[in-house]
Amino acid sequence: MTPILEVRDVKKYFPSGSSRVLQRPTGQVKAVDGVSLSLQKGKTLGVVGESGCGKSTLARVLTRLIEPSSGSIFLEGEDVTRISGSELRRMRRDIQIIFQDPYSSLNPRHSVGEIIATPLRIQKTVAKSEEVGRVKELMHLVGLNPEHFNRYPHEFSGGQRQRVGIARSLALNPKVIVADEPVSALDVSIQSQILNLMQDLQTKLQVAFVFIAHDLSVVRHIADDVAVMYLGKIVELGPANIVYGHPTHPYTKALMSAVPVANPVSGRKIGRIVLTGDVPSPIDPPSGCRFRTRCWKAQDICASNEPELLDRGDGRVSACHFPELEA
Amino acid sequence: MKSRKVIIGALLVGAFFVSACGSSGSGGSGSGESSGGRSGTDEGIKDGGTLFILDHSTGATNLDPQRIYTGADLGFLGSTITRTLTSYTPVAGKAGTQLLADLATDTGTPSEDVKTWSFTLRDGVTFEDGAAIVCADIRYGVSRTFASEMTGDEGPLYATTMLAVEGEYPGPYTATADQQAAYEKAVECSEDGKTITFHLKNPVADFNYTVALLAFAPVPKASDTADKYTLKPVSSGPFMIKSYEEGKELIMVRNPNWSADSDPVRKPHVDEIHWQFGLDESVIDERMIADAGDDQATIVYGGLQPENLQTVFDDAKFADRRTDGFDGFVSYTMINIKKVPCLEVRQAFWLALDREALRTAGGGPFTGEFADSFINPLLATDYTPGTVTEGVNADGTPNVEAAQAKMDAAKEACPEVHKHATEEGLRFDHGQSELWAKLISIWIDSLGAVGIKIIDNAIEPSKYYATINKDPGDLMRAGWAADWNNASTVVPELFTKEGGFNYSQNWEDPAYPAFSDKVNLAKAEVDRSKQATLWQELNQYVLDQAWAVPGSFTKAQNLVGSRVRNAYPWLPFGWYNVGAIGLAE
Amino acid sequence: MLIFIARRLLFALALLFAVSAFTYVIFAALPSDPAALTCGKNCRPEVIATNRVRLGYDKPIVVQYGQFLNGIFKGRSYGVSEGVHCPAPSLGYSFRKHQCVTDLITRSLPVTASVALGAFVLWMLIGVGLGTMAALKRGRWPDRLATGFSVVGISLPTFFVGLLAIMVFVIWTGLLPFPRYEGITSNPAKWFMSLILPWFTLAIVSASSYVRLTRNGILEVMNEEFVRLGLAKGLRRRTLIIKYVMRAALLPIVTIAGLDFAALLGGAVITESVFNLPGMGKLSIMAVNDSDLPILVATTLVAAVFIVIANAFVDILYGFLDPRVRLN
Amino acid sequence: MTVSNTSDSEAMPVADTAIVGLSPSRLALARFRRDKVAVIAFFVVCFFVFIAIFAPVLTSVFNLSPYALDRQALNDYGNPIGYFGGISWNHPLGVEPGTGRDILGRLMYGARVSLLIGFIGTIVTTGVGLVLGMVSGLRRGLLDSVITRVADLTLAFPSLLLIIALNRPLTQRLESIGVPKGNFARMTYIILVLTVFGWVYMARLIRGQVLSLREREFVEAARSFGASNTHIVFKELLPNLWAQVIVFATLSLPGYVAVEASLSFLGIGLMAPAASWGTMLGDSVRYYRADPTYLLIPGVTLMILVMAFNLMGDGLRDAVDPKSDRQQL
Amino acid sequence: MTNTTPLLSVRDLHVSFKTNDGIVKAVDGVSFDVANGQTMGIVGESGSGKSVMVSAIMRLNFGTDVIVSGQILLNGIDLLALPESEMRQVRGRDIAMIFQDPLSALNPFYTVGYQVAEAYLVHHPKTSKAQVEAIVLNALDKVGIPDARKRMKSYPHEFSGGMRQRIVIAMALINQPKLLIADEPTTALDVTVQAQILELIDSLREENNSAVMLITHDLGVVAETIQQVMVMYAGRTAEYATVQDLFDTPSHPYTQGLLRAVRSFDQSTRGSLVSISGTPPSLINLPEACAFRPRCSQEMGPQSACATQRPELRTIGASQSACHLSADEVSRVQREAFSK
């Protein structure tokens, strides 16, 4: 089956530290550095990583909000990397994005009705007369009172706003939705509401998600597959239960162990791996394996050779010279 | 009543003469000598001390003798630092117009045909550095008048028009040897340097008055800095310039190389004169009214502001310090004959103008008296009351009916001019000033009453002449005073084509040739009383043709510090004999 | 840091060049004829024409500008048979005032500097003082007083304040003498007395906006987390306000003040007019009234130079004072 | 603790009384209404605007012609008869010395000039600044650099000096290209230079706003639907800029009124017989001993108008942006 | 609860603000104790009043528009009654604080060495320069700043987030305070760094024998390092218990909801997550009734005590809980949801 979304070796480099005298960049931030992924219809791919690992850039590259420096993106087998004009407009119906911040992603000067109707108006998929009906339908779908369509964002709570954002992204019946940290700005008690909503919508509408988060436990529930990113590269990728059940990359392992477990007995400091130091700068990433500077297993080879993503036999790949394979 | 000067309404800020407008009517009966009490006398005068002069303008217009042409400046500098061959008697009243030998031993010797004038220099006259003044210095000084590029023709041009120089002479800076020689032939200098002889193109019976102008003052060639000479001219008088900072102060101190014996004109009393510039006019008035500290030893360059006249003249305590008198000027409005070739319209203009309102806005009767002539009554020989158009009200109020009648007649006689005046409107050129901002609406209103439309054209003072030389309007405002005691410095200058200040372009008028011929006759007339009659007739002729409208014989009011003495108005210059002012204890 | 400074200075230099070229072109392109000013009342057109050639105003603007620049670096002669020489840096020669423009400017600059400096000190004291007081006593009467002062001050045109000041302090009460500028070297006491009113006039008008800036700046910084941490450390309130709050809050204010001060050095046009101070502003106004082009070009240029230099200076200073800027 | 997916069970934070939402502008309006000082200032401004608009009617109804000379109100010196500059039933605020023209009538007509210059100047400046600021903020690269550099250059010039210096020649040039001569050309000039020097501040403000707004995710969201630049500018950005623009405009308007007055005071504003507060002040200066009332009346009127605009602008700013904390006076 | 005399004892603390829209009761009658050497956790969602409460303990934000009442006893001395000069001695010496965002908490204008030294010098003004430097170096070493001697002269913006937080910790601990308040110390940090910081705080607590008050919205963080926990909801205490009891037998419906939501994250199976419906209430003009009622699954109806009375904190099972439910009902729910 053709994956609904396939990404091949996508890179995004940003110029950095431009010198004002010559107006020429002096360096590059390799925000996304050769990422390949694929996603099936109606499935969810989780992308996990710490801040600065390039996951938000990836989200914007996938939705063509940022042009990739190289690589290709296929939507239903069709290369959409270089399309423009009306083709691009057409493509935008199929791939949508949900943003992290429910405050800044809604225009404060528009009523939620207008906000949700904006994609309909721009793409002109719905006749003017049916617009209100469609908006109310969407609001109902995401659990908002359709009567509130002419209220303004500031009159809603964070969770409700995120519902508005989801309704808007659904307006054009997209095939793929890229959700960039959709719940990290919300309180714990609200997070699960939104995650439930997204799962329900996926069941109903058969939409595929790329779900980006820094919190492993959030992804665990919603994702079919998980990709772990570190400094612009995928270090481990596979079915969620396999990756969670037995991480092979030290970074995945560390990340998992770092998540505080809400159980005083089982969680407390058992096998906790505390990484030293911070994430290095993506302007000047370490040679070889990028994780080596914080890795407790690092040896000389890690500095000289960059590990490739290797299939570990159980449907997942990981990039490590010394993977923790099951005995 | 000699020096001449052009004033453009209240355009010369800080000028002595607050001129507004007026008109003929009540004759010029003023004496021009209503000087204020004690300050004009030498009661209690003591030598020494510092005299202060307060001035609104930011600097002296000029100190370069060849570039000076303003009455007050001529008198002030003439009485302090610049001596000339002849000068005027330093006394108040009519006697002050009496010519006196100054650098020269007498008031000059004319040839039979009055085309050659010789003057012999006194012994012992020196510049501030002690060098004797010789005739070459005077010849050099006069030659500077010809350097238009340097002087900008700012000073009087009598030297260039009267002297019999052959060919072109561009002044000493750029002249070739031949040109210089031609000039030196016209202005001869004796071997001993004592005698200077001027050869004139035409006979000039009163050339010895002409040489009293500072343009005929000596300049030592070695010290000439051309354009910059105006910042520090070399003194030949009892004072000399110590420092001059534009916008701030000019300080004069006594000239040690000046000897009283050699100078019959100047009787200095003070040690120093401080001329302070750039003061607010109202501040000057306030200080003079307050009369505190140094201000007690102070006089003002410029008159009292109209808004303060009431304060000063309603209060007897100022009686000893205030002056009020005619300044020798006649204000007038020129009508451009080329653009308004219609006598009826010009007369209607005359009848309709509300001179009373204008006078009130300018400060009331203190502004002056409504004039009936272009020749000031102070030129007693030449003045006689003129007759203005029938119907002009003596009290200055407009006669709308008569004016309307003239306009109706004009509609028949010269419909195009009538149309121009009523529909396109007449462009009225005047200097821009706060007072004029008010006066102009009176013009617009009162002339509007008979359908004459006025287009206000306020011109910034610095560009006034450049503008109207290039593009004259329909009406133009100015004031005039004679250069010396002869209407030959008034009528020809203002109303002949050759005159330097004719903005009426009246040579287009069919009535002009007759006028012009008569002027030439008058100029050549050697009999002074016959000449006077001719001037009177010519003046009346101008009135009849309505080439211009006389406004008023202007007056000026002033206040001096309580310690100031000898501050009498010196008639030839319309201001004090500053060099003679002294201070009381 | 050195690169930062060098870059900033280079930019300033480029800006200066642009400003000078622009100034020259603006004025040269005007329909006023500088040569006409060399001429008196009964001036003949030939005189103007000759002088136009002599002054170089007949040449193309580029050539004129070249001569002007050359004059700045090498000096230049003007007038009858080049009789007048203005040594470098020559900004032109005023035929109206018969002086080298550079001399006129060097003479008026100390006056303007006196006005600007005193006013600056006063307005910073008043503005920052009242603003700080308002912020510290937020919502209480000192705050209301300061805010009220700032609204009234902002709403008063400078010339009106100046006139009122003269009316009240000189004419009605006679507390002060009539303002007349006196050089500080010739008579310090008179200098001071002559400048009190202009200082206060400028200070009151300018301080108003600084009251606001300071007050808002301080309130903003007081909400910063690092101020809370300072307090949590146990620092005294006074120490905290001076070392933490004021330092952070005043930095942007000082930079604005630097620019304002520079602008003032170019001539406090209105104040100098009202109080008859023979400074740069007055010189400019006189030049405008006389249509004295060389002076106008020069004063505009000098004022612009002050502004550009102040800008560069302030940026560099900012780099020294704020470590965050220093690195980049 | 039910599993919620399509429930509307989230408690509504706002009382469920009205379904019509409160837009941010309405909220701001409500806040503005609570600010008593600002409301009073608003009415003062309205009052002046009313007077300016109906000046011809008002002056003729009350017989206060700004142009008619009244010789009867003056004594022989040309000074007003009576106390306080000749205040009387005929002339409620006295008369102008020298001419006897009615000061109240002139003030009313002067309000037209001041407000006209204020409003037109503000509208033009704001418009130009808004457009350039938006262009600069949206199009990074060359156009942005050019606009920023021009702004730097503009700021490097001593504006007041240039305004004064260029007054005559440029007014003449305007007249020579067909702008009606006289006060119309003069007003055109004033507005022109105010724009030339004033746009920078507006443009910088807008550029900054646009730069920060364009990073906001709702702009990205619009782009993700394929929104055109036009849509982003007019539908997404502009609605968020209006508040700032209006506040800025309100606060710069009194500045323009004051500048007009200052220029007229320096003698380069409007010309007589047109009445402008600035020319009245410029004229009255000469009478500060003889007739201080004449100086105070236009001065205080000008101050009240400028202050009202400032207070109203402050109120608006607080209403639009509640975070900017300004204590009430 | 521990038996020792509490180090810090907060009694019936109220903090409210005046705003244009009404009075915000940010903290509404909260009492708790912290014992020496103990780690106390305060858990709540955003807007539950936890940060306001710690500011009140330190008296950090006393302005004209903040009203504080109740008692805050440190070793029996009421901090609210202390004059400012004495309170200043308490701050930084007896009680120190770590903030959420280390970047904005550090003064950008001074070097970190200076700022750390300042924290020491405030309370030890007569120390020589060399001594202070040694102390600062030691403190920076302890929190794991590599190459401390050189980095002392760096400015805050030159450090990474984790390093900045270490500096803030060094500053807080330099006077060996009896109580360390950590207000969401790891929220702004990455997960991997969060673990480092939490471990650091805990090890330093042991070393200094200080008490720690850890404010967090993350139950996971609480579970790992804390002994006693207070759950706050809408400015009030919802539940107060030891960590063990809280996780084993939560008695307040809010705590139960939270725990179940969090637990469901940890389970590996896919499926619907457990969640609390609704959103946290606005704190303006909060009704006197139970604040959690609109979201409560056990709500007893509009006529019940839940709708009319404010629940007082009382002992239910092992915890103290502010709920109108009877102990029986509570244990029924506990059995259903939590017994394995």
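Note that the chains take the letters A, B, C, D and E in the order they are written out, and that residue 1 is the start of every chain.
Everything that follows uses one rule, which is that a residue touches a chain if its C-beta (ideal position, glycine included) is under 8 Å from a C-beta of that chain, and two chains touch if they have at least 3 such contacts.
Values in this document were obtained by computation on a predicted structure and should not be read as measured data.
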Least hop count linking chain B to chain E through chains in contact: 2
Least hop count linking chain B to chain C through chains in contact: 1
Most widely separated chain from chain A, with each centre as the mean of CA atoms: B
Centroid distance [mean C-alpha coordinates] between chain E and chain A, Å: 31
Approximate Å spacing (C-alpha centroids) for the pair chain B, chain D: 49
Rounded Å distance between chain D and chain E, as computed from the means of their C-alpha atoms: 51
Overlap residues in chain E, where contacts from two or more other chains coincide: 257, 272, 274-277, 279
Multi-partner residues of chain D (at least 2 other chains): 3-4, 7, 10, 13, 168, 285, 288-289
Numbers and ranges of chain A residues touching at least 2 other chains: 157, 159-160, 193, 196
Chain B residues touching chain C - in the complex, by the definition given at the top: 6, 58-59, 67, 69, 147-155, 157, 171, 173-174, 225-228, 230-231, 245-248, 276, 278-280, 283, 286-287, 290, 460-463, 465-466, 469-470, 500-501
Chain E contact footprint on chain A (complex, rising order): 50-51, 157-160, 187-193, 195-196, 199, 214-218, 220-222, 241, 244-245, 254-255, 257-265, 267-269, 272, 274-279, 294
Chain B-facing residues of chain D, complex: 67, 69, 71, 74-79, 96-99, 101, 168, 182, 267, 271-273, 279, 282-283, 285-291
Chain D-touching residues of chain A, taken from the complex the two chains share: 60, 63, 65, 88-89, 92-93, 96-97, 99-101, 104-112, 115, 118-119, 122-123, 140-141, 143-145, 147-148, 150-152, 154-157, 159-160, 165, 168, 172, 193, 196-197, 200
Touching residues on chain D, where the partner in the complex is chain A: 3-8, 10, 12-14, 19-25, 27, 216-218, 220-228, 231, 235-236, 239-240
